[in-house]
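One chain, subunit A, links the two complexes that follow: it is found with subunit B in the first and with subunit C in the second.
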Partner chain A sequence: MNYLSSAFGGPWCVAVYTYREGIRRKLLIGFLILSLLVIFGSSFITSFVDPTAETDIDLKLIKDICVTAIAIFGALITVYISASVIPAEVETKVIYTVLSKPVSRVQYLLGKFLGIQLIIIVNLLLMGGLFFMALYIRQGIMPTLLLWSIFLTYFEFLIISAFTFAVSCAATSPLVPTLQGLFIYITANLTEYLKDVEHRAGQTGQFLDEAIGKIATALYSILPNLQNFSIKMQIVNGQPNDPPTDVMIPWLVLYSLVYAVAGFACAYLVFRRKEV
Partner chain B sequence: MLDFIKKNQTALMILVLILSLTAGTVLNHKIRHLRESEAFYRWILAAAVNERLFQDDDDQSEDALLFERCTALAENYAPFDNSPREAGLSLLGSIAQNYEDDKRIWSFAESSLAKEERIAFLTLAKGQKLQFATDIEYAEAQAGGVNVFNLFFGFRKVAANLVWLEVDRYWHQGNVYRMQTLMRTCVALDPQFIEAYLVGAWHLSYNATAQLPDTPWPQREWNARHEQCLGEKERFYYHGIDFLREGIRRNPRNYKLYFDLGFGIYKQKLEDYPNAVKYLAEAIRLPHDRWVPRQLFICQELNGQYGDALEGWKDYVDRYPGSMTAVEVAPRFIMRNEGLLFETEARLLLKNAKSTANPGEAEQMRSQAAALWEKARDTWNALDDPYGEGRKLMMDALELREEGRYLEAIATLDKARWDTGALFTEFSALIMEIKQEAAIPLSVSEKKALLRESEVGLCSGMPEEERQRRMKSAETIESSFH
Partner chain C sequence: MTTVIRTTALNKIYEGSLRSQDVHALKDLNLEIREGEIFGYLGPNGSGKTTTIKMLLGLLFPTSGKIEILGSEAIESAKIKRNIGYLPEGAYYPDFLRGEEILSYYGRLYGLRGAELNKRVDETLELVGMQHARKRFLRGYSKGMRQRIGLAQALISDPKILILDEPTTGLDPIARKDIRDLLVELRKRGITLLISSHELLEVELISDRVAILFEGVMQTLGTMDELLTQRELSMTVEHMTDEIAASLEEKGIVVEDRTGIRALLRLPQKLSTYDAIELCQARKLNLLSISPRRETLEELFVRIVGSASESREVAQ
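Presenting the complex of A and B:
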C-alpha cells in the first residue's frame, strides 16, 4: 500500500501542478476562447439558410461546425500543451528542482503526461459543454450521441498527445516539438494513403518499387491511423444503435490506449539519458 | 521484484514499447477489418433496399450481381437458419427489412464466411464499379480520388454545408439547373446529409415547378426509365423522386426519406396512391414520428385499402389513447373506413348476386347486402359531417340507379359532388359510369376525362409497341361513347 502511494502519489502531485501551470498559459486560453467563439458563433451561420424551409439544416450546420472546431482547436491545444510542458520546465530550470526530490524520471514523466491529459480533458469538456448546450437549447432533447463523439475525440487526442510528448522530451524549446506535433497529427491522418502506395507499388517489377510497397505495408500496419476516428463525425449526425459503431468504439478506445503506452515508452526512452 | 524493475527499467520500457507496437499492429489489423466490414455492411443494406423497392428484374449491374452472390451465401449462414422469407425477396433482403435485425446483418458482413464476397466488394468499390458504395470513404481513399486536405482533416461534412449555402443562394436566384448540380455535389461530399435530400427533392418537386404550366402532350417526350411521357415540369417531379431514392439507398434507416417520397411526391404531387402506400409503409417500419402512420392510413383509404386503414387507425388509438388525434381525429376516420367497408362489401355482394345462377344463393346475398347497406347508412348518419352527407347522397343515387331512375341518380350525384369537394372525382366517375350504362351522351369534358392522356396520350420518342397499345386503348374507350 505504501509502495502504491509513493509510486502514484508523486506522479499525481506532478500532474496537478502541471495542470495548474498549463491551464494558465495565454496561448492555450487564446485557443480555447477562439474555439468557444466559433462554437457560439455557429448558431449565427444558420441565418444564411432559407428561413421559410422548416428543416433541421441549421442543426446540422451547428453540429458539423462545432465538431470540426473541437477537432481543430482541440488538436492545436493538445499539440501545444504536449509539446511545451517538458521544454518549458527545462527552459525555466524547474525540472532540476523537481528531479532533485524523491521522484524518479519515470514518475516525473508519468505525472507530466497525466497533467497534460487533465488539461486536454478540461478543455474538451468546456468546448463540448458549450456545444452540448447550444444543441440542447435548439433541439430541446439531450444530444447523447454528441457525448460519444467527444469521447472518441479525446482518445484521438490521446495518441497525438503521447507521441508529441515523446518528441518534446528531446527538445529544449517548445517551438520544434509543436511543429513536430502538427506533423504527427497530419501524417497520422494520412496513414490511409500508405495503403494506396502499397497497391500501386510493384507495378514496374523493379526492386526499389517492390521494396517501397513492402515498407508502405509495414508502416501501414505499425503506425497509428487517426482516420479510424473519423466515425466521430458520423456519430453526431447518425442514427443511434448502429451496430458497426457500437462495435468500433471499444476497439478504438483500446487502440488509443495501446498507442498512448507506446508513445509514453518512447518518451521515457528519450528522456532517460537526457542531461538535466 | 521492485529492485528488479528499478534495475531493468530501460529494458522493461523497451519491452513495453515492442509489446504495445505489436498490439497496435494487431489492433490496426482488427480495426481495418471492422472498417472494411462496415463498408460492406452499409453496402448490403443499400443493395437490400434497392432489391426491395427499386430493382428491375433484369438488373445486371455489378451491385445486383454481387448482392446475388451474397444472398446465395446467406443461405448457408447458420444464424440465418429459420429466418422468415418475404415473397419476392431474397433471404438477406427479407432480414434487412427489419432494422432490429441490423446486428444479424452486421455479424454476417464481418463473418469469415463472407470473406470472399467482402474482398470482391472492396475490389469493385476500389474500382468505383459499385454505384451504392461510391460514398464510402474507404473506397474513395483507396481510389485516391479525394482531395487530400478534405480527407486528412475529415471535414468533408463542413464543405458539404458550405456547398449547401450556395445551393440555397442559387435557389433564391432562380438558378434551378445550376442548383441541381450543386445539390449532387453536396450529397457526394456528405451522403448522410438527410436534409439536403429532403429539401432538394422539395425544391425540385414543388418550388421549381410552381410557376410552370403542365406541359401539353404533343410537347412531351417519352422517358424510357420511367416509362412515361414527360415535359419540363413533369421531369422535375421525377428528378425529385430520383434524388430521394438516392438518399434512401445511402441512408436506408431514415424514415424521413421514405415519408417524403411517399407523401410529398407520390401522394401530393402525382396522386399515385399505390406507391405512396408502398413508401409510407416502409417509413413506419423504422423509428418514426406519430404523424407518419396517420398519412399512411389516409393513403391506404385513398388506395381503397379500407380494411388496412381501419386496422391502422384502431391500432393508433390503442397506442396513443390520450392524444388529441386519437380522441378527435381517429374516431372519424375509423367510422369512414367502416362505412366504406360496408359499402364495398354490399356492392360486391350485389354484383355477385347478379352473376350467380342459384336464385336461393342470390337472394341470400341480396339480403346480406341490404343489411350491410343499412349499416353503411347508419355509419354515415353517425358521422354527421359533409363527407357522411355526401356518401348518403351517393347511396341514394345508387338506389335510384338500381330502380332505373338514371337522371335522378345523376342529379343527386351532381349535387353531392359540389357539396363535398373531397368526393368530387369519385362521384364524377360514377356519373359517367351511370351515363354510359343508361346510354346517355357524355359531355365533351367527360369524354376527355375518360380518354385520360396518361393512358392514351401520345408523345414523341414513344416505342412503337406502346404507341399501338395506347391507340388501341383510345379506340376501345371511344367505341363505348354513345
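Presenting the complex of A and C:
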C-alpha cells in the first residue's frame, strides 16, 4: 500500500493540479463555449430546412452538426492542452519546484499526461452531455449510441494527445507541438487513403510504382487510423438507441491504448535527459 | 563540521548549435558547503550560479565531475530530494489556489498525507508568518507574500538543505528584512542555506561563507573575516580646505566626501591611528571621528570580478 501510495500519489497529485490549472485556460474555455454554442445553436439551424424535405432531415442535420462540432472542437482542445502543458510549466518555472521534489521524471510525466486526459474527458462529457440532452428532448429516446460515440471519440483523442504530448516534451514553446498535433490529427484521419494507394500500386510493374505501394502498406501498418473510431454515419442515419455496428469496441480500446503507450514512451525518452 | 554539498571538478558545457559555439558555463568547480551554514553564492549574470544550482537539483546534467549531497552521489533519488528545499528565482504560483492549498500540493509531492500534512502546513505557515493569509487566493498576495509562500513550499518537508535563488530580489526593504530575519532563524534551526543573490548587502549581513564565481570559474571562497580583511581607517574632520585636501591626496589619502569644511577621509592601510592624529594636528584639522573600516562585500565583489575581467581581456 505504501509503495503504491509513493509511486502513484505524486503523479495523481500532479494530475489534479494540471487539471485545475488547465481547465482555467482562456483559450480552452473559448473552444468549449464555442462548441457548446454550435451544439445548442444546431436546433435553430433546422428552422431553415425546407418543410417539404425528408421528414427527419432536420434531426439528421442536428446530429451531423453536433458530431462534427464535438470532433473538431474536441480535437482542438486535445491538441492545445497536450501541446501546452509542459512548455507552459517550463516557462513559468513551476517545473523547477516540482522536479526538485521527490518526484521522478516518469512520475511527473505520468501526472501531466493524466491531468491532460482529465481535461479532455471533462470537455467531452460537457459537449456530449449537451448533445445527449438535445437529442433526448427532441426524440424522447435515450440516445445510447451517442454515449458509445463519445467513448470512442475519447480513445481517438487519446492517441492524438499522446503523440502531441511527446512532441511538446521536446519543444520550448507550444507552437510547434500544436502544429504537429494538428498534423497528426489530419494525417491519422486520412490513413484510410493509404489503403487505396496500396491497392492501386503495383499495376504497372514498374519499380517506383511497387515501391510506393510498399511504402503505403508500411505507413498504413504504422500510422493510427482514426476513421476506425468514427460511428458518425450510424448516429446520423440510425436509431439513437441502436448498439454500435461495424466497430469492435474492445479491439479499438486496445488499439488506442497501444498507441497511447507508444506516445507516452516517446515522451519519456525525450524528457528523461531533458535539461530544464 | 560535516559537508552536506560537495562538488568535485564539476564542468558544464552547453553544446552550441550550427550557428553558435559551445558555452563552457562551469569550469572545474570544487565546492564544499558545510552543515548549518549560510553560504552566499555570488557572481555576475551568466557566471554559472543558476547552472550550479540546477545541477545540484538534477534539473541539468553535469558534463563531467561529481556532485555529492548528504554524502550520496544519487542526487536524483527521492531519499536525497526529500532533504532539499528549493526556491527558484521568479517562480510562478497559480493565482487560483489559496496559500494553504499551494503548500498542501507541494507537501503531497513529498509524500506527506493527512494529519502529518496538515501539521506541516500549519507549522510552515507559522514559520513564514503567513497564517493570517492562508485562506486567501494568491491573486490577492503582494510580492513579498508570494515570496514567503515560495519559501514555505521549499520548507514544507522540513528539509536539511535550503537552496534559494535570488530570495530577496524585487522586494521592498521591509519585506527584505523580514526574509533575512527568517533565513537567520532557519540557520538557528540547523538548516544549511545556499543563497545565490545579487543583493550583496543582504548576503554580507547573514552569510557565514561566500564564494564568488566569474564566467564559470571560482574566483574566491572563504568566511567574511577571511575575505574582507582589508582594514583601512576612516575619519571625519573639520576645517578642510582645497590646499589641505590636495596635500592629503599626495599622501594617498582619499577624500571620499566633502561638504563645506567637513570631510570624510579614507586612509591607506599603512597609516596607523597615531599617524592619522598627527596628520590632523599638522594641518590644524579638527578630528571629529576615527574608525577602522573594513572592505564591504560589494567592494570585494567589484574588485574580484573587475580583476578577473581584466585578466580575461589581457589573455584575449
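Some notes on this structure:
We take it that the second predicted complex is superposed on the first by the 248 of 276 C-alpha atoms of A that agree within 3 Å, B and C clash if a C-alpha of one lies under 4 Å from a C-alpha of the other, contacts with A are read in each partner's own complex, and residues count from 1 in each chain.
Definition applied: a contact is a pair of C-beta atoms (placed from the backbone, for glycine too) under 8 Å apart; a residue touches a chain by one contact, two chains touch by 3 or more.
Quick caveat: nothing in here was measured; it's all calculated off a predicted structure.
In the overlay built on the shared chain, the residue A:I141 is in contact with neither subunit B nor subunit C. More subunit A residues lie in contact with B than with the other chain of the pair subunit B and subunit C.
Of the two partner chains, subunit C is the only one touched by A:S100; subunit B is not. By the touch criterion stated above, A:L208 is placed in contact with neither subunit B nor subunit C.
When the two structures are aligned on the shared chain, A:N189 is found in touch with subunit B, with no touch to subunit C. In the superposition on chain A, A:Y17 makes contact with subunit C only, while subunit B stays out of contact range.
Residue overlap on subunit A between the subunit B contacts of one complex and the subunit C contacts of the other is empty. Subunit B meets subunit A in the complex at residues 2, 9-10, 13-14, 16-17, 20-21, 23-25, 27-31, 34-35, 37-38, 41-42, 102-103, 105-106, 126, 137, 141-142, 144, 148, 151-155, 157-158, 160-161, 164-165, 168, 171-172, 192-196, 198-199, 202, 253-254. Residues 3, 48-50, 53, 55-57, 60-61, 64-65, 67-68, 71-72, 106, 186, 189-190, 192-193, 195-196, 199, 220-225, 227-228, 230, 233-234, 237-239, 241-244, 247-248, 251-252, 254-255, 258-259, 261-262, 265-266, 268-269, 272 of subunit A touch subunit B in their complex. Looking at the complex, you find that subunit A touches subunit C at residues 5-6, 9-10, 13-14, 17, 20-21, 24, 92-94, 96-104, 273, 275-276.
On subunit C, the positions that touch subunit A within their shared complex are 54, 57-61, 76, 78-79, 81-82, 84, 86, 88-94, 96-97, 105-106, 108-111, 113, 153-154, 157.
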